[in-house]
Amino acid sequence: VWAAKAWREGDPGGTRAGRRPRAGSVPTGFLDVDVTSAPLALECLYTPWAPGTDSDGAPTPQDCPRVFSAGLDLTEMCGRNPAHYAEYWKAVQELWLRTYLSSLVLVAAINGACPAGGCIIALACDCRVLADNPKYHIGLNETLLGITAPFWFKDAYVNTIGHRASEQALQLGYLFPPSEALQVGLVDQVVPEDQVLSTALSEMARWLAVPDHARQLTKNMMRKATADRLLRQRDADIQNFVSFICRDSIQKSLQVYLEKLRQRKG
Amino acid sequence: VWAAKAWREGDPGGTRAGRRPRAGSVPTGFLDVDVTSAPLALECLYTPWAPGTDSDGAPTPQDCPRVFSAGLDLTEMCGRNPAHYAEYWKAVQELWLRTYLSSLVLVAAINGACPAGGCIIALACDCRVLADNPKYHIGLNETLLGITAPFWFKDAYVNTIGHRASEQALQLGYLFPPSEALQVGLVDQVVPEDQVLSTALSEMARWLAVPDHARQLTKNMMRKATADRLLRQRDADIQNFVSFICRDSIQKSLQVYLEKLRQRKG
Amino acid sequence: VWAAKAWREGDPGGTRAGRRPRAGSVPTGFLDVDVTSAPLALECLYTPWAPGTDSDGAPTPQDCPRVFSAGLDLTEMCGRNPAHYAEYWKAVQELWLRTYLSSLVLVAAINGACPAGGCIIALACDCRVLADNPKYHIGLNETLLGITAPFWFKDAYVNTIGHRASEQALQLGYLFPPSEALQVGLVDQVVPEDQVLSTALSEMARWLAVPDHARQLTKNMMRKATADRLLRQRDADIQNFVSFICRDSIQKSLQVYLEKLRQRKG
């Protein structure tokens, strides 16, 4: 489960911009992305959510929708045709690029497990707040499914936790419990579950206190090289995904994994 | 306030090289750079300072001049003409390149606040010792002034504290207090204020114990790629600075900031 | 002293592959490299060692041969001719490339001092377990011998402990004691001396639990760029080594150092 929050002011596509926070208050535009929907509902990236507000106009925790994400939707990668896989993967790239390069401040309030696709979107935010629940693991666990994280997942991982930690965690498909995620720098704060949203909002306020133009240029300076690497190899990355996911062995691995998930639920 | 100390032996431009330290003693050539002087007095980079010495020939703490630096001189960036800005920025680049690529051992003894320009010169040294005073913050706080750190400030930051810490600190214009600066690796030691110089001299002695030629080649191997990146884009970086600093909005930001500083002093 | 252990299953050159571990047991194929032998006995890289086994089929600590390595063999770099140096250095490159890019899981069980060449081979493994003995230092101490680590030693160092720690440690020729090696990330675990092998085997089991194909592709994705950099400049790196090592001053440094070692032993 996760939600990213953004101040709508300055939103380049901001025809649906939310209310500007009053001086001293917290931002109220919400961004909820359910990365399990397929093909990815990109438009939701710019759909503000109108939360309930307390007397100060700030959204209250209980209004936060609990959008569960177990990462990318594996059913989109299983038993379909190559054209479907290509379209799906292009949408995943698009979601990530828009999030990673967004001029908005994005704070991930992570109140649930955050594997694979959920993690990569959290990594694209400016800041990550994780609920202190031992069940809420976060990381890129692709290898355990018999698949490999694409190079731009890896790039985002390396940018966040460094080369050595990425090398180990990616190969092991390791999911970090909250305390370890904090220590390795995968998240910025770990707080009690009922303080995730309020902490995320405080964090958001800190970032919004910086002159917007200077912050945006600086963000772009830090992220452009990584985004450009994906943009340069976008088609090859799609082809790579399609040919990999179409393999009999991979399809079998995914089917076994999905069957396990179904049995666990049933 | 900061001072960098260097052994003059092996100084490539060392016509004014100081005394060679006797075996077992500490180096006595001092390098004092006042980065507030404008245009930057580059020649001072190679002007040894003759400190008072104790019976062993080592400089004594009380002889260390307290050169205050609040970073680059904002008055040089405000209300002047483009040619002036270009000349100024070229001098800043030159100061940094000479410091960063110096074959000398440079230890920054930081006994004062160390924002922006002060920080970037400290980053160019081999080692940083910071006085443990809660007022002595260090970091690149450009965004808070409505401007952006140039890419080579960013490169030096990333080399020192890593990508993720840089991304966050640069966007927030964050100034680290001593304990956090130590934790993130922005400085190497934090010591009581009256031990800054002696600690820096001990540190210097450690570095000078290494065979000089091997140390210099190794330093160059670590730093060449970063310096080359600036050298390749030097003119573009100057043009970028000039066109940015000439904007009405930036000039206004700087004037407001300078006015605040004047009011605080007055 | 060090030993790297590898599961032979999936070994691309695996005509001499060892036994596949039974489910639940630990792998029993061993890889012992004595990097002091010259020219480097590369074939030993793929020679499995048949250890004694306990009732579960797992190798027992007392069977582990104590292969001492003080790094590369300095006698190979001293008093020979250029052709010899070139051949020697090519073998060092080859050993490292095969180890670094091996599709096998390699765990370094470090039960002795691990300087220079020993360190670089340990860095090429997937994981490092170091015995908690204050005499067992690890690091790249080339500068103290008056020589410089080649760029690919530096690349492996930076990948493991980051840019700043590498810059400092490489220039100082610093050897990390166990606690510091753990803190900086140079090793992954520090354990009592009699638990090094069992810990390494547990670690190995963790890595072998990951689907092999996905782990290998991920390892290659993490390491290809670094290996390619050496492959592109392999001849230049050999020439650089030969011309450097042939210098009178370097030969003298090495002779002095070797003489000291001999006196210490005698």
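Order of writing sets the chain letters: A, B and C. Residues in each chain are counted from 1.
The rule we apply is simple: a residue touches a chain if its C-beta (ideal position, glycine included) is under 8 Å from a C-beta of that chain, and two chains touch if they have at least 3 such contacts.
To keep track of the chains, here are their UniProt names: A, B, C = Enoyl-CoA delta isomerase 1, mitochondrial.
Model, not experiment: these values are computed from the prediction.
A rotation of 120° superposes the C-alpha trace of chain A on that of chain B, rounded to the nearest 5. As for how the two copies chain A and chain C face one another, under half of their interface residue numbers coincide.
The centroid of the Cα atoms in chain A and the matching centroid in chain C are 37 Å apart. In chain C, 162 are the positions where the chain touches two or more neighbouring chains simultaneously.
Contact residues on chain C toward chain A in their complex (touch as defined above): 126-127, 158-162, 185, 188, 206-207, 210-211, 213-215, 217-219, 221-223. Of all residues in chain C, those touching chain B in their complex are 142-149, 151, 154, 162-168, 170-173, 249, 253.
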